[in-house]
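There are two complexes below, and they share subunit A, which is joined by subunit B in the first and by subunit C in the second.
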Partner chain A sequence: MKFRMLALVFGLMGPQVAAADLAVEIRDSGGQPVPNAVVSFAPKFTLTQPVPASASAEMRQEGTMFSPFVLPVQVGTTVSFPNFDEFRHQVYSFSKPKRFELRLYGQDESKTIHFENSGVVALGCNIHDNMLAYIYVSEHPIVAKTGEDGKVLVQSLEPGEYDIHIWHPDLASGADPILKSVSVSADGRTVSGQINLRSIRSIQQPPAEDDYN
Partner chain B sequence: MDRPKATPLVALSVALALCAATAVEAEGLPAVDFEVLADARLSVVSGEQSWFDDWLGKLRYGGDRGGEGQGRFRLAELSLMARSDITWDLQAFVHAKFDPEQDKPADLVEAFLHYKPVPTSSVQYEARAGLLFPHISRENIGAAWTSPFTITPSAINSWVGEEIRALALEGKATLRLENQKLSLTAAVFGFNDPAGSLLAIRGWALGDYKTGAFSQVPLAPVPSIQPGGFLEDQPLWVHPVRELDGRPGFYASLDWDYAKRVKLGAFYYDNRGDPETFKHNQYAWDTRFWNFYAEVEAPAGIKIMSQFMTGNTMMGTLYDGMRMVDADFTAGYVMATRKLGPHRISLRRDWFDVDDNTFVSQDNNNEVGTAWTLAFNAKVGKKANLIAEFLHVDSNRPAREGIWRDAEQDQTQLQVSYRQRF
Partner chain C sequence: MLAFRFRTKLTVVYLALFLAVMGIILLAFYRSVTTNVEDQTRDQLAASARVFERIVNYRVRTLGESVTALAQDYGFREALGTDDKPTVISALQNQARRLEADMAVITDIDGNPIAALLDGEATTAMPMISDDLKQMAERNGVASRMVSVDGRIFELVLTAVRAPVPIAWVAFGVELDKATAQDIKGLSPIELEIGFLYRAEGQQYQVASATSHADALSDFLKTSQPTDEAFRATFMNQEHMFRHLSLVSGDDGNEISALLYYSMDTALAPYDPLVITMVTVLVLSLLLLIAGSVVVARGVTKPLTNLASAARQIAEGRYEEVETESRGDEVADLTSSFNQMISAVKEREKQITFQAYHDPETGLRNRLMFDKMIQQEIDQSDSFVLVIAEVQQLPELRTVLNHQNINDLIKGVARRIEKVADTEVARVSTEAFGFLVRDAEDAETRASLVLNSFMTPFDVADIVIDASVKLGLVKFPGDGEDGATLLRHGQAALDKGRGAPRGVAWYDPDRDSSQKARLSMMSELRGGLKNGEVKFAYQPKLDLESGKITAVEALIRWISPSRGFVPPDDFIPMAERTGDIRHVTDWALRQAIMQAADWRARGLNLAVAVNLSTNDLMNQNLPAQILALLREHDLPAEFLKLEVTESAVMHDMARALDVLNMLSAMGLALSIDDYGTGYSSLSYIKKLPVGEIKIDKSFVLNLAKSDEDNILVRSTIELGHNLGLSVTAEGVEDEDSIGRLREYGCDVVQGYHIARPLPPAELEEFLKESEYGPA
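Up next is the complex of A and B:
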């Protein structure tokens, strides 16, 4: 952790390396913007500056829903699971990269899980059937997620060539799409990618108002 | 009243309550959570007397003996539900109820343990044990086994509430695939031997009454069950939740959910009653039925729901190879329902039918009928609903002639229900 902090400080201080901003826009085959798409950057060169890992990531339980619906993190990130509801949640995953069960009793309780393997971790709650979320654990040093407009601005990239890997919960089967050899120059640019999604989307529905048994 | 066979049920519910009260603190889980449902009901109804008034009326409320319409304002139900998390994977649930039709001041509707550990693969296993409703009704998904769609459930689910309850051991496996869910449920059960009596002797009905485990429901004094009648041993009541023949029954179901847009299911029930057993003034009825359902999210926010039930019930000794009572029963409904903001509107068509296969001249249990139901459920508070319902039922039951009425009867009922949960 100390090392990372140090790196961050160096990164900020290092004026000798030019940094570029890259806007990424993801649309589906119908041309509609795709929110919640994860874009991860695999540099095709050796980064001269280590990229600071995001200090922390959070998957909240709030209003009988997970938030965010998609959380991109790097391998090695510790994710906290704070409970903002007055009742308990029993969060689980049986996805290959991380199998776990978290018992969150009540409000303000938070537990953490460390993600050391890359891949897609689907989350559920054993008490609330409607709850659904994804943690995308990336082996790449830079990860981001598109907003409602299908766009994301990735800032302070080191100029060079990158493969941009795209993932989304509703990707049609097949290999994950990659935008190959995108070159990022100091003056920045915009790239757009198109992905094929299943017609039936996985969504996290709000809780049913009536639940007997 | 002498009810020796009911003891295991009492023991079970007490055991559940005790488990709940003691085991909880250790894990730091919340103690017992209580929920109350109160239902105040205004009803105006035309036509014959209700079956609750020892007659053959099809609805929970009815006219007077002369067939004059009646208006009533009553507490329709006061239900108390208790849930307790014994461990993270094991929950106890008890539902007790008071209502004016019930012949006990308070009675038990359900009392069971639900074991549901966290899944470790795409197949999840769970189990229930105790007094419970098998999952037949697609309508009764609200608190205290109420329907959020209408006040009065369909003929099928009205009957489930009246006569179907199981002291069961039930296992369920659910396979989750992308956007799909497939569940297989299987159970062995007892304590439901008299189920089928109402369908044969009274026929189908439409009402939101659910029978408690220790309660009896009345039968109209049709000539066949009067002294000197063809079935004179049958008293003028049924106690549906009883074990009489010591033979366990079973039920099983298969449910499929496609992206929460299409849901299909098939359910089979056989109480394996011995039709010749007569104990504690009750016959064991051999009752078997299928229940199928389909639910589809249609355009314009409309959901179409439908159930179809078909089965047979038999009771009594064999004469010339024929059971004293041998009746086929069939019913179905189609409902269209739509949310309007926090409110909901539902329209339902019901069909029901009983075909008596034996001794029709001594004891005619034939019946055919239809009903329309239109309901508007307004959410008037965080835990309060005001529901208005129009219901019209037409039926033909020749047994009515035995109590000096026309076989053909119709009733129109208007109800307003105020449901408050605490």
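Up next is the complex of A and C:
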């Protein structure tokens, strides 16, 4: 199995005393930006002000696709699964953190699932094989996901030491790569690291043109 | 023989050509069939290989769809997702049964086995599922690969189970077993065989399964491993064509392949009836060809055989023209030429026969023809008479007539005899004719008529020629039983007839037998000349003028032990006729010269006179012979005298004159002996170089009694003297005769009154005592 190399580039930006905005950029070895990478921060100190947990998140089904492809949430988040298609979906997961099955709900119908365990939950639709999405349930207080440009800006980080966990759908099996004891301070600096990805990319295919219309 | 050979040749040539052509055809046929079958087989094997690939692809696709279906089955995925192993295994079994898959395997996403089924039963034998196969499955949804497990080959189809991310690998396998092979075989138009082979890296191919004879194939592979894609080899004692189809040649070194093969014998089998038909056609054509060529050859050889038999007939003397059925071809030409040849040969033989049986000069029937006539007469008649007629005077006539005249005369004679005797005449010798008279009674009359007819002279080239004829008659049967005898006896009768008064004589057997006795006498004479039986007696010749004996005549005396005294008249004429006279002359000359030389040596000067015969006078070598003898014995020529008779000279006067002139020139004295019994013509004697004539004793013996003889002797002596010749009288037997002869002027006398012929010793004695002894 071949591995793609991902280069993680951390740029800590912004001179703030109390908090810092952290820009994270992930590129592969070819210099291409890597989207849908989840970056989570495990502070090695007690946060002075707890990060407000986002109580809810949404995994839409729209155009026979999940949206977003990767949804990072914190433990204890309830995710709703609204259906915007005019036909039914049957969303399921056999992933260990959360096994569930949302049977055949219709348009504009929304179901919610509460994720109490951390881990990666792979989502599929029993009706539409092409549909694929991941819910990354993180036990860390700060979670972010790179955009199409492979960048994410984490705002208002308390300076201090963090373990930074990186996850991506194409990660080879095994534990998530962790950048240990990264010190986030007010002065900007760059940290780099490397993780292995599978050669075959896990991506959600759009539905075949005439398949379901 | 020739016909047979020719026929054989023709047949063999046809046969060889036919066989060559047939050989080329058969070879071309065999090559074409073999190449064709090989090509077909090769194509079929290739086609079957494609069919095989297609079948495998089809099975893979079907299996792939089923595997995909299973992998997407929600319940199955749920069971997997929830680690419900019993459910997973039972679902796997269920699906495997439904798909008739021989193998089913499921592993987790990392390749750790979850469950494996072989022939519906759980097993621990796991096929090797390589990472690249997994990648291929992930990329294409389904991936297939042949794998070998426990000596069996499976087509394995792999897919990932997604929930929705890959959570496990599931694979189904169908075995490439005998049934599979037979399925493929069933789709091939030819009865090919298929074997599935596998081998681990560095090892030999093993047989996984085969349509038939898997064990034999296994043994075969032990000795011949396939290396090429297509090859030929002997398998199960038959030539096979093989196609080796490599199915898997993995990175791990394991190889799986299919071996398709087909027996060439089987491939060629459909052509067997064709081959049998061709061989039958060949054999039949061969027989037809032989028969045909024999017929054709016979068409050519039959006329040839006819010609050959005609040629044999010609050899036997039968000239029959050859018939032929051919028209306008070579045989007809040949036959026509042959017939022309036959008529030409016939014509020529006629000429040759005519020439053989006729005298070329006169065209008369010849001696050969006469032999034939006699033989015919012997065969046809009970009795007949053979007549030999001899024309007289021919030697004399030759001196005055030319050749053509003689021939005309001969022809005239023959015509006259034919006319008179009313029969066919043949010329049996130069002077003699022969004819046959059927009526023996009539023979003498006819003979007389012939004799009389010669009274009339012949007119040849305006010359009137008198010719006479002498006849000899022989009777059949009696005087001879065959032609040769009759002719010989006819000659004998003619001999007798020559001396007969009427010139005709019948054959006399007694006379003939004495003739024979005389012939045997000649051989005795030759002996006698050598062994001393023959001697000379010498009769003195008295010279009347001198009263002395100056010469002697040597007279031959033969005392034969068996015959006693043989008179010279009995053997000298015979010796002249047989030619033996030559021996007598040789002996006589030598004896006489030796004797004369001997006497002269002893002071006795006597000339010796020797008698010469007609033959001697014809012998041109005689003078040289005498000269040699004289020199040998150193004797002067005057001591040898030679005496010749008139008739001897007259036989061929010209030649005799040559010899006599030569002898005279040598100084020899020549005498005419027996003067008065022959022509007695002084006119010709004067031409001869003789010095003496000897009056025959028949005139002298009765001189005392006969006046007539007295006149004759006296006139002869006078005539001789007138011609300058010495005259000797022989046969003087009394004193009275001597007196008369002396009176008549005779020069020399000889006779019993003086002395009988004496042997040399007695003669010498006589001369000593006699008053006539030489001075």
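Throughout what follows, the second predicted complex is superposed on the first by the 178 of 213 C-alpha atoms of A that agree within 3 Å, B and C clash if a C-alpha of one lies under 4 Å from a C-alpha of the other, contacts with A are read in each partner's own complex, and residues count from 1 in each chain.
To be clear about the criterion, a contact is a pair of C-beta atoms (placed from the backbone, for glycine too) under 8 Å apart; a residue touches a chain by one contact, two chains touch by 3 or more.
All of these numbers come straight from a predicted model, not from anything done at the bench.
After superposition onto subunit A, partners subunit B and subunit C are found to clash with each other.
When the two complexes are overlaid, the chain among subunit B and subunit C that reaches more residues of subunit A is B. When both complexes are overlaid on chain A, the residue A:Arg103 reaches subunit B alone and has no touch with subunit C.
Contacts of A:Lys44 after superposition: neither subunit B nor subunit C is touched. Legend: residue contacts after superposition of the two complexes on their common chain; A:Gln205 is shown touching subunit B, with no touch to subunit C.
In the overlay built on the shared chain, the residue A:Arg88 is in contact with subunit B alone; subunit C does not reach it.
In the superposition on chain A, contact is made by A:Leu123 with subunit C only, not with subunit B. Shared-chain residue A:Met131: touches subunit C; no touch with subunit B. When the two complexes are overlaid on their common chain A, residue A:His114 makes contact with neither subunit B nor subunit C.
Shared contact residues of subunit A with subunit B and subunit C: 92, 94, 99, 124, 126, 200, 202. Per the touch definition, subunit C reaches subunit A in the complex via residues 72, 74, 77-78, 80-82, 109-110, 131, 135, 138-139, 162-165, 167. Residue ranges on subunit A touching subunit C, taken from their complex, read 1, 92, 94, 99, 122-126, 129, 131-132, 169, 173, 199-200, 202. Chain contact summary for the complex, subunit B toward subunit A: residues 28-30, 85, 88-89, 93, 110, 114, 116-122, 140-146, 148, 178-179, 259-261.
Remark: subunit A residues 87-88, 90, 92, 94, 99, 101, 103, 105-106, 124, 126, 198, 200, 202, 205, 208-213 touch subunit B in the complex.
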